[in-house]
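In the part that follows, the structures are each spelled out as structure tokens.
Heads up, the next two complexes both have subunit A, just with different partners, subunit B and then subunit C.
Right after this comes the complex of A and B.
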């Protein structure tokens, strides 16, 4: 009996040692940890993959940029892995920058998103961004800036809504979801390298099923955030004769359907702080002016969106209980262009 | 002119240098005084006998007055001498007595605890003498339902063993089982572990059936919580049976503080327990197997702190953990005057030299320090030792399977502890049911 137990123990012990695969384990300092992945295409039609890798040993240079080309993204990544000094661990990639000429091709962009989502190593929570510049230039621009860390490019998107409410961070899985959504489209931020700071936020590209439909300015993006019921806190607005800061906002949407014509009444409540004002400007004037600007901006965007059949606000979500699932698939083309929105803004002083 | 009994005793103790036979003239007859010089204070005892003699009319009356163990057989006389008594035999050998003499003082008085340091509580600790120890309990627990059973166990030496419990509280079934186990002891009981083995097979288990405490307060609390307290002669500990997991986390001394403070103390002990078990394992798992779990900034920081270190995370951790356990052991072994020196040298070697030589990362030094501090936060030295042992299997699993290994290792440790029982009482029981209590 005792011998038998010893035998069992040896079997279990050897199984654990021989089958665990622990010889492939690499310590964190033996791995190369790229933070940003850039995807573009060469003139020859090959994919070009750029990685921004933090340099830990050197004090003067924060990161290096490595590129590889291949017929597919996987083969390009594989080539980098082959040529790298250390094992490359893609699990810490936090930002994926796609060159505009790739992004504007619906088929290519859809494939990229599907690849990123399907890849086991690249985390699906990493953020996506589009750039009009050369991807390599954007990623290497971090090296000649002062006082930046290797993770600065990622930190740029992670400031938090209170600090920079315009910046829209869109993870890969949300882009992937929007490929299949019939009621909601998505905005992907647009960046370029800055002169003094690492990045400059230029606005957002609006994607409908992987196709870029429109480009919005930062202040327009802001409004979309509000309508998607994300808080607008911290936003500073200049009215010419006064500057205000939004301290709180809330929105209430009420959908209704008359003779297959959708209509939506929306109440936006905004609380503001007046930061500065010219002499003789009353609170009432500020409030009225702000209400007018926001309404004007909203209807301007809505008109553009309805023309391009793109529902960036996600209004279709509100109609899920009123319109059947099969008909909702045609939301963008049949219902959305006829959508009447009764948009009311109410501004309060704090 | 010595009679048969005296000669027999003399031959029995012929190898003992400290055995004495003194002749004393009492009431015109001679009596023999026998005993061990090392145990009996002879001049004082002689004086005592002379005082009794003055008030006694005859030699027979003297024997009667001196003791109530008179005219016993030779075996009992030998036993009496071994116990440290004075044996008196008359000239003709027909009369004898075992007298309780003035004893040489071999015992230290009640002192402060050496292995525990209670705060805001009585600082009396148990001593070597079993009677003093039981007395200390009796003095603090004045009730008739406190029961005391004495045993003498062992083959070579008869060692005194006392069992205390509160009648009507401790379950009768438990008392009977323990009584049987104590009566069944065949071999000598030299250490606490030898007594521990009598309560069932736990040869390869780090967890003992007995919880040793030096403080009368905790022993009394254990009695009130329906447990059994054992005393072994010449062992300055109360041995509480059964030992439960919560004994390592909850001490009655905590309750000298307001509830919220004692809750805090106990909560910290739980953190200490868990940290000791999984912190080194977590370090290895995160640094070498699953670095993707780290937040980005932390991953870069850890990678930077490990830059240029030749050892793998597992080797580095196991080396440090073993080294620290060696230091802890060395401090115990060393005389008190040298101990601090080793602590200082050890601290400098671990903290400074190893990091500067880039042999281990400074993050690991922080982790190890935290573990050493955490492992000492639980109650009882033996508990601290066994959780230090249990961290090794988890560490090895973590190095193979990462976070998954930490989780399975931790779960298996808990399953193992939950599987332990002492006399059908699970190790993880919160409280033992009172006798007659159904739910």
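Right after this comes the complex of A and C.
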């Protein structure tokens, strides 16, 4: 009996050891949590990493910008960690901004994406963006704007459903996937700092296996989103004599293969609301004009894409059933340039 | 009846535990298209083996595998079951180490792995020492808290799905059947433990079939979630595709911003129960063959397992050893049911023949 008591006491005592098992846990108030990571390169060829860190309890400044340089991104991040007052926790990074001179180098960009995906700390669901300006400038521009939060840069991409349908948000894992995909390329948003707002959306860079092929304007990018079957509710379009708002859209794609020549028929259905119109403009005229504009825009982009062998629409994916897995690897170079698209737009009034 | 439900729960938990970590990688290496074909083939093969196993066990009512082998002769038990038990040590230790690595990469990046290993070992050995009743009861508890998480993971990952990432179709002829990796794959479907519980409960094949269907559907989900999100070309470049798939999910309105945490939590539950079953198996086998207290065997062997888990130096070796171990397991999964079936058929057939005369 006495022996048993002793045993129980030891077991209870052992739990004390387990209780302090979290010896390496740093409390949240002892951590610095950066939200945005900027990556660029210095003139000397070293990587330069910029972090935007929210500052709490300070009225005049919402965030601070910290930079570090190193031969690799990891060493740059490590240097920032060394020099920081608190423990830096990279797990909450929401946006990664890459400067254009890095993004335009296929090898560098591929390595960055692979690093970000492989990193256990930086989450792969954080968004990516490219900027033509100095990364540091973009990240620090938040400080002289009125009424912004530290998270504004990230919020910019996450306005929610139909508030700003043009904005493409591209997470790291999608960019990583596009490095290996043989049928679908990806658009990475292009941003710069604004005068009154924190950021300005300039369009998107089109990447094929990590190489920038083209740059699309916001309205073109929006069409691509429609073709990828993302609902484009809320998009406002100006036709000169009227403005309309898209209230619903849906697309049906039907692939077919004749003599090894792919063709695709696609029906785009758009429902619109007329917001304003000039006197005497009929519904019919608005619908016809909108159909014409969208078709023109589509064939313009398609031609550019086919010339650069870049399948931003992901049309190749529709052919999974018709072309075998190994053949589909050559989709971009062998099939896509010959692709005939029968694109029809049907506009309806709400 | 409750015991049968509990056994079903254990069956599902063990399969999930083995299925989540190395299993998808193996499937992606085996084939580039029509992954479902591999899973269904493996499942059917498993089902056939289970059927043979059940038939073999039914020749000997109220006896478990060790009893039957002892009936064959002590030498048979030693030859067949000692290597099996030794392989179980390797399997248990490598399994727990692989899970530890995943758990570390999910939510304890700065904790040394030995701390987590010891904790997991401690709990599973304790459960194993308490015996089969405790294992079965805790299986229900773990099942109830793991399955909602599994379902949540499956449903929340739907937002990133792109159906067009997967090439449908059929591989004909199925070349993967001859691949050594397919043999390893078979080792992931462990049903051998069923034969060691039978002295108390008689198993019904129809009910096992229902559990088998659930397990196959879950395996399909485990393999297809990363495929739908990333596609075959990308998935082969990832070290842990399922974890990356969970990490890619971003639901802004959901109060938990990291789905992978759920995955980590459910892995902890799965690995504890799976390992306690493995240790308990070792205990019962060794106790009957060598007549030494089963707790002593469990403690001694789990200590060896802990040492093995601690000394494996890196992940690539770890996976290699794990595959070897599961290959050996697959071998036992073929040998033991067949041996039982043949022995049962031979001895009982003789008896029945006499009765008829």
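Methods note: the second predicted complex is superposed on the first by the 329 of 350 C-alpha atoms of A that agree within 3 Å, B and C clash if a C-alpha of one lies under 4 Å from a C-alpha of the other, contacts with A are read in each partner's own complex, and residues count from 1 in each chain.
Note that contacts are C-beta pairs under 8 Å (C-beta built on N, C-alpha and C of every residue); 3 or more make two chains touch, one makes a residue touch a chain.
Please read all numbers here as calculations on a predicted model, not as lab measurements.
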item: Combined model on subunit A: subunit C and subunit B, fit or clash; value: fit
item: Which superposed partner A:331 touches (first subunit B, second subunit C, both, neither); value: neither
item: Touching partner for A:298 - first (subunit B), second (subunit C), both, neither; value: neither
item: First (subunit B), second (subunit C), both or neither touched by A:35; value: first
item: Arrangement angle, subunit B at one end, subunit C at the other, subunit A at the vertex (C-alpha, nearest 10°); value: 50
item: Partner chain in contact with A:124 - subunit B first, subunit C second, else both or neither; value: second
item: Partner chain in contact with A:156 - subunit B first, subunit C second, else both or neither; value: neither
item: Minimal inter-chain CA distance - subunit C and subunit B, angstrom; value: 5
item: Where subunit A meets both subunit C and subunit B, residue numbers; value: 123
item: Residues of subunit A touching subunit C in the complex; value: 18, 21, 24, 117, 120-121, 123-125, 158, 160, 171, 173, 176-177, 179-182, 314, 317-318, 320-321, 325, 328
item: Touch list for subunit C against partner subunit A, complex; value: 32-33, 105, 109-111, 115, 119, 162, 164-169, 229-234, 237, 244, 247-250, 252, 258
item: List of subunit B residues in touch with subunit A within their complex; value: 287-289, 291-292, 294, 296-297, 299-300, 302-304, 306-309, 312-313, 399-402
item: Subunit A - residues contacting subunit B, complex; value: 16-17, 20, 22, 25-29, 31, 33, 35, 54, 56-57, 89, 91-92, 94, 123, 149-151, 154
